[in-house]
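Common to both upcoming complexes is chain A, partnered first by chain B, then by chain C.
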Partner chain A sequence: MAAAAAMTAAVVVGVLPGPQGSAVAQEARQGGTLSIILQPEPVTLTPSTNMAQPTQVVAGNIFDGLVTYDFELKPKPALAERWEVAPDGLTITFHLRGGVKWHDGQPFSAADVKWSLENVWKTIHPRNKSLFENVTQVDTPDDATVILRLSKPSLPILSVLNGVGAPILPKHLYEGTDVLNNPYNNKPVGTGPFVFKEWKRGEYVKLTRNPDYWEAGKPHLDRLLFRMIPDAAARAAAIEKGEIQYAPYNPVPFRDAERLAKLPRLKVDTRGYEWLSPLLYLDFNVENQHLKDVRVRRAIAHAIDRAALAKIVWFGYAKPAISPVPSSLVTFHNAKLPQYPFDVKKAEALLDEAGFKRDANGVRFTLTHDFLPYGDDYRRTGEFLKQALKRVGIEVTIRSQDSAAFIKRVYVDRDFDFAISYNNAFPDPQIGVVRAFWSGWLGTGTPWTNGSGYRNAKADALIQEAGVEGDPAKRIAQFNEFQDIVLGDVPSLPLLELNFFSVYSADLEGIVEQGDQVYSSLKNARFVDAPKGN
Partner chain B sequence: MLTYLRRSAAQVVFVLLGIALINFFLLHLAPGDAAQVLAGESGAATPEYMEALRRQFGLDQPLYVQFLRYLGNLVTFDLGYSFRQSLPVSELILQRLPATLLLMGTAIGFALVAGCALGFLAARRAGKLTDTVISIVALLFYATPVFWVGIMLIVVFSVMLDWLPVGGMTSVEANLSGLALVGDVALHLVLPAVTLGLFYLAIYARLMRAAMLEVYGQDFVRTARAKGVRPRRIAWRHVLRNALLPIVTTLGVQLGSILGGAVLVETVFSWPGLGRLAFAALFQRDLNLLLGILFCSSVVVVLVNIAVDLVYTLLDPRIELN
Partner chain C sequence: MALPETVSLPPARANFRDTTVGRLLRRPSALLGLILLAGILAMAAFADIAFTGDPLDMAGMPLLRPGEDAAFPLGTDMMGRDLASGIFHGARVSLLIGGVAALVSLVIGIGIGALSGYYGGRIDRALMRVTELFQTIPPFLFTLALVAILQPSIATITAAIGITSWSGLARLVRAEVLRLRNSELAQASIILGASDARIIVRHILPNALAPVIVSASILVATAILTESSLSFLGLGDPNVVSWGGMVGAGRETIRTDPHVAAIPGVAIVIAVLALNLLGDGLNDVLSSKGERR
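Moving on to the complex of A and B:
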């Protein structure tokens, strides 16, 4: 498993940072300010109700979770020192770290965890609700023990327990208030290594070192300064000049990344995103008169050269996806599945068989394509698809819109033919994968759910069974069958497993230490010699 | 004069109400709402979560109720609340106002002075080398996209020469105060103000040149020349003053758009101005905020228009207010 994870892990340009690198002549030093790109501006700084990337990137430094995740996505102790899952999966016990304080000096205790579970994770948290809904009771026999009692098992819980996945809010500041409107959402109080100082809208968010942090000697840095730089070229310039020393989440276009990676002062690193496992996919509207025929969907799958897409459009920061469950979810990913190798002849044969012959102009039919309006990479992916489908006689019109209009079109009005989008799978398919296939979402108009309009009773049943299955081996079997079905029907075609990248200054160490790094804290980060401009 | 102002005031109220009405319904035509945007950004949602957001934002109310609430707020000089940012709209606008005024004021001031001077020079040397050079340079800056000029200035003066910061308004990490802070802001201001100023400058230079050449052809200039008035005095006293009217008109238009900021320049230089705020509000369907900014902008436009009318009468006594 370790070998497989290492294989999927990373394209690292330059020398790997890490403890072994610091043994050289340079002396690691305490203190300093780390300037970080934050883009776009967050809506709030508390991860309880908003799971957008900028909120989580900041909040991961302010809020500790019960655990963090290593590169193999195994939970590691954080606020929970250890935990046990009963063999029947119906009891989960967490033993909490003692002596931890909130940033306002109040002691952290089991009551905070209980309150957060009952008032945030189970109710308004957009991703966790279904995972925690079978938790019927939370016992706190003492300040350092939390016992979850479940009516049915829910193993995916163990995959979302970091600071942003299951955010623990200070009960003494939130109890009895409207969580969505609590003023502390924008001046957060956590237990993490950095303390919120100031948020100047349109400019920066400033965090300072938590002197009372529970892990002795951490964090190393004095200040984190998250700066909003809306223009990609200006971001590249600020990174190149050294005004910014850490820039996560594809801060610059791929072309700039290639250029920056060649500079000796900078590193480009794709590790630290393992917990997210982003997957680019293509949703077919299965109610479309052409796309309702599975042969047409399979033909389109055969017509797309995913390796070329990864190389040309995504500059190699992606690899072809063969399953909706990305290969980084090692235990769940099934490589022995119905495959759609790039094969134009087969695609043509399938389209002929479906009865859509080429007309005098060589066109079988026309489709409109909506791409996810998250930037040029997605638009270019759409252009790539247009060319690929033209080869097999399908004419494609590309339509663009902003994200509010895209969401309404695809998930509410269902007024589209095929669309590209991406989802984070997270370590368990239950969290980020099955939502694209479960028919229960249809008609609710909820973003990033079942966009294709797919209904399959067997797939639905498997999704629901795996959700409450307590035996890990059985769940693997259930997800294998699930993958088999949905890849056969192919309502949604997995295109690429995306590799997001971070750019950071070569004089930093400890900046990527774990599989959920981008959403976790920078408590291990430090400069190994004097940073520029400080 | 007083009657003019009184009549204008009455018109202003109607114009502003009309603008509020049009803005409100026009913006609500945009597909998708703020809850969908938030849920979209989150990458996951549940119907319960969406419903909670809509309730929080007041989007669960019928449109006419939302409009009446909005009007009620306006009448009491309340611009409403941005639920997305969890702050009152007026506070959000006031936060960004100093940066916007500083950037726009500097850029327009620089453009006005330098542009008029260049236009004046070009008109006096019409057809000669000075005129050709000035005209070409003005055309170049007018035709080059502002964001490209901005990026090039960053590449040259920030990255290559390392004279000026890449963007932002202050060096936050340095914790400056007092005079050092003023100097720091001034350093940050140079590139965005010059970028924006060069574009405006081109407009003023071309306008000034054309207006002066037109006035040069008029009878009273010929008379002055025949009288033996020296060319410099003719240029200053007779031509320049009469050529200022179109400049004042253009200045009025630009001052009117001052609150809108300059989206492109603010974006390229990470300048925390109102333009970026409005631009983001549009994509985020933060309609309360966007309506607030649009409303304030329309107030400024209306007021500047009145001011421009008054300035006309000062510059040219033949113009009357009626």
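Moving on to the complex of A and C:
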């Protein structure tokens, strides 16, 4: 992060040729309409309070952020040309790009950033509230400079500054209004490469090229057409026919993805989701009479063949997770940690040691499993766990329910034995990882926080210290120790690092250029040949 | 309508050809229905002997085609579960749910229909308003809502199907009872001083049984279909294997491996067809019973 802070304006994300340099032979062209799958229909188009995936997929094209993130999750300049973090971490200065205009022609300035920080990021943005909590004052000495003054350091801020993580809204349209009900939420005005044109409910959202975009020659495409196609089979057909050229976020079932990947006209790509780093995990209720014994939790960890789970249930669109901090968070991920390799004998030994012997039917005890009701992949994960644990003598009853009931059961009532769920980790563990372990969340009933009921004073202290630590190296050390503790206690077992995938037409280039691509803009995308099929 | 000469169900007669079963067997469609149903019952009965392991066990390679591996004659699904084992064990669950749910609707439907038809008046009006209430709600949506609220398990699914599918039967029984209530048979029993319960159970219901038996076989078929639809929508019991659940699980691979959904689908078709053929046959046989040919 220190390296990023020292970066200068010289670095601009440009159009890179394909990895094989294939762009040379083919003729790239300007213009054209890109049809994109948007599923499900968004509730709003402005990512200020609603963090749902479809909202962010559209909004990333309309709103430019201060930065974007590369595949290593390092920030790259966007509306901020460069930035500095003071050595004590208490001041962060952004130098903004000049000559940028809002889509309605008004000039973009430091005042917009200051207003958005004070009225959106710090107050209503669900992920950011705690990160910007320590920002006590925002100074704007001139139109191109924003200075954040903090009471305590908050380095994770530098990981959420893209267009959806810290959305900059036009002050002249929002000031003095009710931000949540402002009519511009559904006809957004941004500074990004594409301008909002029309939202026909149930059918499409249309964006057109921003002719005044600050980066010369960008975007290449004339139009983006986000289409809603609720049926998975119809989506697959539309992609195959070439009616849709870009489909992010697992638009078709895994088995269909395998089939589509073999077609020469299509590409299936798992890049562009690095900023999210989704992690599938198993929360143990540590108050359960069996699961309160750490040996039982470790035994279950040993009983699950995560490689097989990734291969069979997730069709290879996942890899075994060994830490709650996913390996895509290169700086913080620690591979030298307590490990739970697949070992049925060891699992049985641990269960025997804990005093849970097999009865006449070979059953040690019975647990009920709740799976996140987000589709058949999660249900099949539950079925996989049931079979895996049966082998070591734990009988599992699977219980299904809708998502409201699941959230209430796990996070509010805590009336469950063990449950699978997934969280996005985001580039800094402070944002997406520690919430599953910090005891401060207990009793608040907040979804996707500490579901296990885990309390560890040392882990709590490390989480809080790392939150306000200004030295990046010290934070890495703190998170290493944190990973060591929570993997030893294993209140929540990391199962898989999920790989979302996008399907897109092979005659497109520049469609996946960065680590936050799915939530960013398609300004680099262009057709290299005439698009087929329309 | 002539007064039926039997007061209770006829005892087995000397001439087999004249019995209900005998006449049923002479109808080819009904015979086919019986044979298919017997086959399904045999599959359910011998599931544990034919396939000893847990049908939910991931026994082989995922997505084997039928015939690709001799150990899995019907192939495997996306989790490597044996489809043949699933069909056999699924027959149990599907028949169990179908049978018990039909029994629940029979008890409710006959009870309400009989009381309503026999007593008439205010009781009739009150019970029929309740019946109409159930009739106006689309039964599948009603079942779906109940299962979603109660959380899916075999018991809740069976109860929900039973509770939502009795209304037609109640009206049918009511009409029959209403007709028989005013028959000379019932009038005579009243004069002889028989109690209401005795008249209903001993004299009226046995004579109203024909349409009930016919609708019972349709009720079982409908219950199997409803359970399949629920499972298909992900509201089945995930702890047991049922045909509908197997179709639902195969939905995702329908483009690449259609057999995963098609095989249990065919099983459902056969079961429902068998029950319908049987129902049609019973309908023909029982409704022509009084008319000696």
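Following the convention adopted for this analysis, the second predicted complex is superposed on the first by the 508 of 534 C-alpha atoms of A that agree within 3 Å, B and C clash if a C-alpha of one lies under 4 Å from a C-alpha of the other, contacts with A are read in each partner's own complex, and residues count from 1 in each chain.
One rule holds for everything that comes next: a contact is a pair of C-beta atoms (placed from the backbone, for glycine too) under 8 Å apart; a residue touches a chain by one contact, two chains touch by 3 or more.
Fair warning: this is a prediction, and the values are worked out from it, not measured in the lab.
Colleague: With both complexes superposed on chain A, which partner does A:Ala233 reach: first (chain B), second (chain C), both or neither?
Modeller: A:Ala233: touches chain B and chain C.
Colleague: For A:Tyr454, is the partner it touches chain B (first), chain C (second), both, or none of the two (neither)?
Modeller: In the superposition, A:Tyr454 touches no partner, neither chain B nor chain C.
Colleague: Could you tell me if A:Asp402 is touching chain B, chain C, both of them or neither one (first, second, both, neither)?
Modeller: Both chain B and chain C are touched by A:Asp402.
Colleague: Is A:Lys390 in contact with chain B, with chain C, with both, or with neither (first, second, both, neither)?
Modeller: Second partner only.
Colleague: Given the touch rule stated above, what does A:Phe416 touch, chain B (first), chain C (second), both, or neither?
Modeller: Neither chain B nor chain C is touched by A:Phe416.
Colleague: Could you tell me if A:Val313 is touching chain B, chain C, both of them or neither one (first, second, both, neither)?
Modeller: The answer is second: A:Val313 touches chain C but not chain B.
Colleague: Quick one: is A:Gly382 in contact with chain B, with chain C, with both, or with neither? Answer first, second, both or neither.
Modeller: second
Colleague: Between chain B and chain C, pick out the one touching the greater number of residues of chain A.
Modeller: With both complexes superposed on chain A, more residues of chain A are touched by B.
Colleague: Who does A:Asp256 touch here: chain B (first), chain C (second), both, or neither?
Modeller: The answer is second: A:Asp256 touches chain C but not chain B.
Colleague: Quick check for you: in the superposed arrangement, does A:Asn185 touch first (chain B), second (chain C), both or neither?
Modeller: It touches chain B, and chain C stays clear.
Colleague: Chain A residues touched by both chain B and chain C?
Modeller: Touching chain B in the first complex and chain C in the second, residues 233, 401-402, 405 of chain A appear in both lists.
Colleague: Report the residues of chain A in contact with chain C in the complex, numbered from low to high.
Modeller: Counting only chain A, the residues touching chain C are 232-233, 236, 253-256, 258-259, 312-313, 373, 376, 379-380, 382-384, 386-387, 390, 397-402, 405.
Colleague: Mind listing the chain A positions that touch chain B in their complex?
Modeller: Checking each residue of chain A against chain B gives 33, 35, 40-41, 43-44, 49-53, 123-127, 129-130, 180-181, 183, 185-186, 200-204, 206, 223, 225, 227-231, 233-234, 237-238, 240-241, 243, 401-409, 412, 423-424, 432, 435, 444-449, 533-534.
Colleague: In the complex of these two chains, what residues of chain B are touching chain A?
Modeller: Chain B residues touching chain A: 30-33, 36-50, 52-53, 56, 84-86, 92, 95-96, 99, 147, 151, 154-155, 158-159, 162, 165-170, 172-173, 267-270, 272-273, 276-277, 280, 283-285.
Colleague: State the interface residues of chain C toward chain A in the complex, per the touch definition above.
Modeller: 54, 56-58, 62-63, 78-80, 148, 151-152, 234-235, 238-239, 249, 251-257
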